[in-house]
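Two complexes are shown next, each including chain A; its partner changes from chain B in the first to chain C in the second.
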Partner chain A sequence: MTDSTGAREVQVDGSSRLAGWGKVLGIFGLLVAIVVTTGAMNPRFFGAENLENVLQRTALFGIIGIGAAFPIVTAGIDLSIGSVIALVATSLPLLLDAGVPAGAAVVAVLLLAAGLGVIHGLLITRMGLQPFVVTLCGLLVYRGVARYIVDDQTMGFGSDHDGLRSLATGRPFSIGALDVPAPALVLVAVAVLAAVFLGRSVWGRWMLALGRNATAARYAGVPVERVTILAYVICSLLAGVGGVLFALDVNSVQPASMGNFYELYAIAAAVLGGCSLRGGEGSILGVVLGAAVMRLLYNSIVLLGIPSQLEFAIVGGVLLLGAVADEVVRRLAEARRARERARARTERTT
Partner chain B sequence: MTTRLSARGVVRRFPGVLALGGVDLDAGPGEVVALVGENGAGKSTLLKCLAGLERPDGGSMTYEGGVWAPRSTAEAASGGVALVHQELCLAENLSAAENIGLGREPRRGWMPLVDRQALRERAAHALERVGATFGPDVKVERLAAGQRQLVEIAKGIDQDARVLILDEPTSSLTSKETARLFELVHQLRADDITVLYVSHRLTEILELADRAFVLRDGQNAGHLTRDELTREAMVRMMVGRDLAPPAARPEAGRASSAPVLELRELVTDAFPAAAVDLTVRPGELVGLAGLVGAGRTELLETVFGLRASVSGEVRVSGQPERFRGPRDAAAAGLALVPEDRKLQGLLLEEGVRVNTALATLDRRRRRGLVDGAAERAVAAAQVERLGVRTAGIEQVVQTLSGGNQQKVVVGRWLAAEPSILLMDEPTRGVDVGAREELYLLLERLAADGLAVLFASSDMEELLRLADRVVVLHDGQVTGTLDRSVATEEAVMELATGGSRGYGVTTT
Partner chain C sequence: MHHSARPLLAVLSLGVALSAAACKPSQSGEVRIAYVSNGVDPFWDVAAAGARAAEAEFGVDVEVVFPSPATAEVQQQKVQDLLVRGIDAVAISPVDAENMTPFLDTLTERVHLITQDSDAPKSKRRCFIGVDNYEAGRACGELLVEALPDGGEVAIFVGRLEQDNARLRRQGVIDALLGRTPDATRSDAVDAALAGNGFTIVATRTDDFDAARAKSNVEDTLVKYPELAGVAGLFAYNAPACVEALKGAGRLGEVAIASFDEQDATLDGIEAGHVLGTVSQNPFQYGYESVRILKALCEGDESVLPEGGTLSTPPTVVKKDNLEVFRAKLKADIAAGSGK
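So, the complex of A and B:
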C-alpha cells in the first residue's frame, strides 16, 4: 500500500492558520466599523489630538495585552498583570528618589517583573498549581506590597525626569498633523518581536503545541516546563514594560488604584483578538487590534456622549458578541470539515 | 426464531456523509448477535439509532412487533433497549447505586428527595443479577474497569432491558474480567435477553455470537450464521478482499549484532520490587506481552524518560544513559509512539504538517526559527513513505481515520531517524486493513536495521510481528519466548504468572 494519494497538494479544510486569519479579519472589520460610525457622528474623532490620545492608550494596553496572550496560548491565564503594573509603577519613582540612575532603575524594575513571572511559572510547572490560583494570589500580594512600600503615598516623577518621561509622553515624529506617540513605537517593536516569536520560532511553535495538548507535546520531546515558564515571564515582563510607561505617562501613581482591572483589559484584548482560552490559538496582530477596539469603544463612548457609566456594559457586550460570532464560525467550519471528510471517504472507496 | 428488534433499510446522513445507506439487522430473544466492521463502517451509528441517540433519516425499525422510534436513550431504555457505552459513562463521584438509578431515582412520596433505601435495594438486586462482588454503596471511582462495566450492565438490567447493546465491552478489561463478562453474556442469553455485541476482537465474536452482521461503508456486507462464522469469513467481508499472508522476514545478521538497547535490572516506580533485564538488537522486533496492569506501559515510559527509574540502567549502543525526559531520550536515538494517540500523541486540531514536525522542530531550526520549507518537506516525505491517506499536509488530523492518525505519530518519530522505536499498542483502534500496512511497515523498518520494542495486548499481533516475546507479570519478566516457541498458550501461561514448561530463555 505504498501508492499513496497523500502527496497531492490539495488544501482541504481550513488549516488553523487560515482560521486564525479569519478572526483577525473579523476584528479588523469591527475596528473599521467603530472608526467609521464614530467619525461620522462626531468629526472631532479625526482630530489629531484625539487620534494621538487613542494611539497612546492603544499602545499601552496593546503591550500588556500581548503579554496576556502568552499564558492564554498555553491554556493558562495571568490575573496578576494589574498588580505587577502597580508594583513596577511605585517601585520606579521610589528607586529614582533613592538616587538610582534612570537606566538602572528601569532595568531593575523590569527584572523584578520578569522575576515574578519566573515564580509564577515555577509554581505552575513544578508545584503543579493552577495558573488561575497562582496569579490570583499574585494579584493580591503585589497590590499589597506596592501599597506598603510607599505607604499608600501617591508617587510621581516631578519635573526631574523629563528625559525618562519622554519614553511615554514623547512624540518622536509626525505623520502629517499627527504626532506619533513614543509608546506606539514600543508597541510596534514588541508586537513584531512577539509575532515572530509566536509565529516563526521553534519555541513559539512549542508554546502553541503545548497549548493544544500538553501531554502530547511532552511525549514528543517538547520541554514543556521551560516553555510554560517562559510564557509567564514574557507576560510579567510586558506588564512591567506597561507599568513603566503607564507610570511615566500619568506622573501620579496611586498605589491603591494604579492598574486596577488592567489584567482584565489585557485578557479581553487577547480574547477579542482571537486567543482561545482553551489554548493553542492566538495571533499577535489580533491582540493589537483587540486592544485598539477596546480603546476605540471607550473613545466613542466619550465622543458620542453615551453615559460613561455604560462603558463596561458596552465593552462586555462587544466581547460577548465576538465570542458568539467566533463560536458560530467554528461550528460552520466543523460542518464543512465533516463534508470534506465524507468526500475524502467516498474518493477512497471508489 | 422470532424477531424482537429489527432494522430495515436504515439510513442516517450526517452533513455530507452517508453513515448508513440502508442497513438491515434483526435479533431475536435469547440471541447474541454480533455486529462487525471496520472503524467507520457504521456500527456505532446503527447502534445509536437503535438506542435512541441518533434518529434515522430513512428506513424503519421495529421492536416487539411495533414501530420503534426512540427519541432519546431514556426513552429507549424505558422501552427495554439499553446501550452500554464503549467509554463507560458513569459519574465517578457517585456510588454504584446512584449511578444505576441515575435519572430514575425513586422519590419519597411527593417530595423531591431520593428514597435512598429503595434505590439501594433496586441496585443491589441488579448488581446481584450481573454477578457483581461489590455492594451498591461503593463509589464508582474505586471500581476497576470491569466492575464499572457491570454497573453499566446492571443499569440496563434495572430498567428491565430486553435488548442489551454492548459496544466494545472488552476494550479496557483484563482477561479475567473478560471471561467473567462472557459468562454474564451467556447467562443473559439464557434469561431470554437479546444481546447485540460489537467488538474488534474477532475471537470474542467467534466465542459468543449466534450470528453476525458484517457492515462495510454503511452497507450490509454480509450475514454469517453460527456455522459460517469464521475469522477468515468475517475479515473478508469487512475489508472486501483477502489479506495477503505475512511474508517471512530474513534473519540474516540479526542475532549476531550487538544490542542497541539494553535494560539492566531496571526498576520502575510502578513496580519497585521488580527488576527488568531486556535487550533489543538492531533489526529485531521484540514484543512485550502481559495482562493489563502488568507494567508494559510503565516500562516503555521509563525507558523513554517519561518516568524516573528507581534503579538500574538503560544502555543505548553500550553507553549507559540517564534520561531526564523524553528530550534526552529522543536525542539518544529513541522514539516512543504512545498508547493513547489522541491524548498523548496528536495535536488534534492541527494539521499533518505541524504534527509530523513536532519532534524534530529544533533539529531543523535556523537561527531559532522554524524552517518552513524543511518542515513541509519532512511532512510530505513521511506522508509518502507511510501511505497516509490525506488530502494534503495541512489536513487537520482530527479528520483522519485511526490508522492514518497512527501513521502520523509514527511518521513524526521516523522523521527523527531513531535507532530504537518503542511502540505501545501499535494498532489500537486501527482498522484491519491499515493494521496490516503498519505491520508491513514495521517489518520493513526492522529489515533496515531499526530496533523495535512494542507492547501489545493483541495476541495475534504479538505472534504475527515479534521475533521474541518478552512476557511481563506484575512488572517482572516471567519469560522470553522465541518466535518458534511463542504460542498463545505459552504467552498466556507466563502472563498469568505461571512458568510451567516454558523455560526462561533470556538473551
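So, the complex of A and C:
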C-alpha cells in the first residue's frame, strides 16, 4: 500500500519538480541581478565583512523560511512564526537567569516551540480549525505571553554567555578572507535535512501529495493527520531555532517588538523560492535563495545610500519586478514549446 | 446542535478570561490617571516606577499603559478605551505629534491632558513635562565633539523620525557636531549633505524598533563608510545595537559611540569604555511629575502649571566618572516605584 503510493507520487513529482526548478532559476536570476547591480555601484559590497553580514542574516531568515515552507507545502499557513520567535527569545535568557545550564535551556525552549507546533497541528486536524485561524491566534497569544512573563522588560545575555552566543555570533572557520558565520552552518544543515526529507523520504512525498489533493491523499492511504501535525511541528521548531539564534545575535530581546512581522519575511522567502500557496509544490533551495534576496535588498539599500523611507517601496518593487519577469519568461518558454509542437505536427503530416 | 453551542462557549470563555484579567477593582472616589507611553522599553519601566511612586504618595489611582505596536492608532484606541472605563486625567507621549493634535484636542474636552517625554506643542494640552530634546541632542553631540577633536564621519541611528523628540535630538546632535549656533527650529532633511567643523553626517538610519534591523543598519553603514569615526544612537536600544555591530566587526573601540537613555548594555558599555557616555532624560521624573501635576489639576489647583507650559527636566550626561552614582540612583528609583 505504502509502496504503491510512493511510486505514484514520484511520477506526479516529475512535472511539478520541473516547474519548481524554473522558479528556483528565476529567483536565482533575481539574486544575481541584485548582487551585480549593488556590487557595480559600490564595490565594498564584495568585501568579506559585508558578505559575512549578508550570509549571517540570510541564515537567520532562511531557517525560519524553511520552516514556513512546510505548512505551505501542505496547503496550510503558519502566521505564528514571529511570536514563537519572541516567546523563545524571551524564555531563553529567562531560563539562563534562573540558573538553568545553557544546553538544557536551549533544549527546553526548542521543545517548547515544537510543543506549540503539536498544538497547532492537533487543532487543525482534530478540531478541524483553519490553519489561518489557529496560527493567527497563536501569533496573538504567544506575543502576549512573551510580554507577560518578563513584564515587558528587555532581556539580554549581558556578557556572561559569550560561549552560548558564539552559536549565533561565532565564526568557526574561514574560506579565504571570509569568516563563515556559525548560523550559516546551521542553515546548511537544516536545508540539507529539509531537502532530503521533502524530496526523498516517504513522509516528504506524503506531505507534497497532501498539499496537492488532500482527499486523494487520504484515499491513497496517506496518514493525513500525522503528516499535517509534522509540518506544523517542523515549522514551529525551526521558528524556535531562529528565535534562539536571533536572541543570541542581537543580545537585546524586547518582547513587544522581537520578531514582529518575521512570519511575513519567512512566508515571503518560501513563496519567492517557489512554494505555491495552493500547496503541493516547494523547493528548499528556492526558499534559501528567497531569504537571501530579501536580505540582499535591505543590505544594498544601505550600501547604495537610499533613504530609509524608500526601503519598503524598493523591496516591494524589486520583488514584484522579479515575479513579473519570471512569469514573462515562463510564458515565452511555453509559447516556444507550443510552436515547436505545432511545427513537429505539421512536419509529421506533410 | 453543537454548532449553535460553539459561539456560546466562546462568549463564556471570553467572559471568564476577561474577568480574570481585570486586575484592579475600581476604587471610586480616587482620582484616576492614565499614564501612556509611546511604546515598550526599559526607559518606560523607569518612568512607570516614577508614576507608581507618585500614585502611592498622592493617593491616586494610576493606570500605566504601554501601547504595542507603538503606532498612533493603537495609542489612540487605548486612550479611547480608557475614556470608556472612566478616567479623569491623561499623561501621554504622543507617537505622532502633528497628526494626533486634533485627537488630543478632543481629549482635553473630557479629561485633564498633559504631554510628557514627547510634546504636541500645537495641541491644547495643559503642559509638557520632558527634557528639552534639542538640548539633550546637543549634549549627545558634544560627547562626540569631545572624543573626536579632528572630526570625521558620523552616522545617526534612531527608531523612527516621526516623533518630535527624535527629530529634535537628531537636530541637536547635528548642530553640535557642525558647531552651529543653537536653533531648535532648524530642520535638516534626512538626505541633506551635512558637513562642517571637521564633521560629516553621512547617514541617518531608522529601524522601526526592530532590534535585528537596528544592528544590521549599523553593520551595513560600517561597510559603506569604512572611515566612520563616530555614531550616535538616539533611542535607548540604538547604542547597544552599535556595540553589538562593532563587536561583530571586530572594531569595538575604533568607532566612538554616543548614546541616549540608560539600558543596561549602554551602562555596561560606558563601564567597559566602549561607549563615550549617554544622555539620560531622568524618566522617573516624567512619571512622578505627571501624576503630581494631574492630581492637582483634577482638584482645581492650577498653580502647579509650569511657566510657559513646559516643565523641563534637566538631562544628565552619564560618563565613566559619574556612572556609579547614576546606577545607584536608578536602582533606588525603580525600588521606590515597586514599593507599592
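Here, the second predicted complex is superposed on the first by the 303 of 350 C-alpha atoms of A that agree within 3 Å, B and C clash if a C-alpha of one lies under 4 Å from a C-alpha of the other, contacts with A are read in each partner's own complex, and residues count from 1 in each chain.
FYI, a residue touches a chain if its C-beta (ideal position, glycine included) is under 8 Å from a C-beta of that chain, and two chains touch if they have at least 3 such contacts.
From a predicted model like this one, the values you see are computed outputs, not experimental measurements.
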Which partner reaches more residues of chain A (counting touched residues only), chain B or chain C: B
A:K23 touches, of chain B and chain C: first, second, both or neither? neither
Touching partner for A:D152 - first (chain B), second (chain C), both, neither: second
First, second, both or neither for A:H120, with chain B first and chain C second: neither
Touching partner for A:P223 - first (chain B), second (chain C), both, neither: first
Partner chain(s) touched by A:H161 [first = chain B, second = chain C, both, neither]: neither
Residues of chain B that touch chain A when the two form their complex: 14-18, 40, 217, 306, 325-327, 329-330, 336, 338, 343-351, 354, 358-359, 361-362, 365, 368-370, 380, 383-392, 394-396, 398-399, 412, 437, 440
Interfacial residue positions of chain A with respect to chain C in the complex: 42, 44-45, 47, 49-50, 53, 57, 60, 147, 152-154, 156, 158-159, 169, 246, 249-258, 260, 298-299, 302-303, 305, 307-309
Interfacial residue positions of chain C with respect to chain A in the complex: 39-42, 44-45, 66, 68-70, 190-191, 203-206, 209-217, 219-224, 226, 237, 240-241, 244, 247-249, 263-265, 268
Chain B-touching residues of chain A, taken from the complex the two chains share: 1-13, 15-17, 196, 200-203, 205-206, 209, 212-213, 215-223, 280, 335, 337-345, 348-349
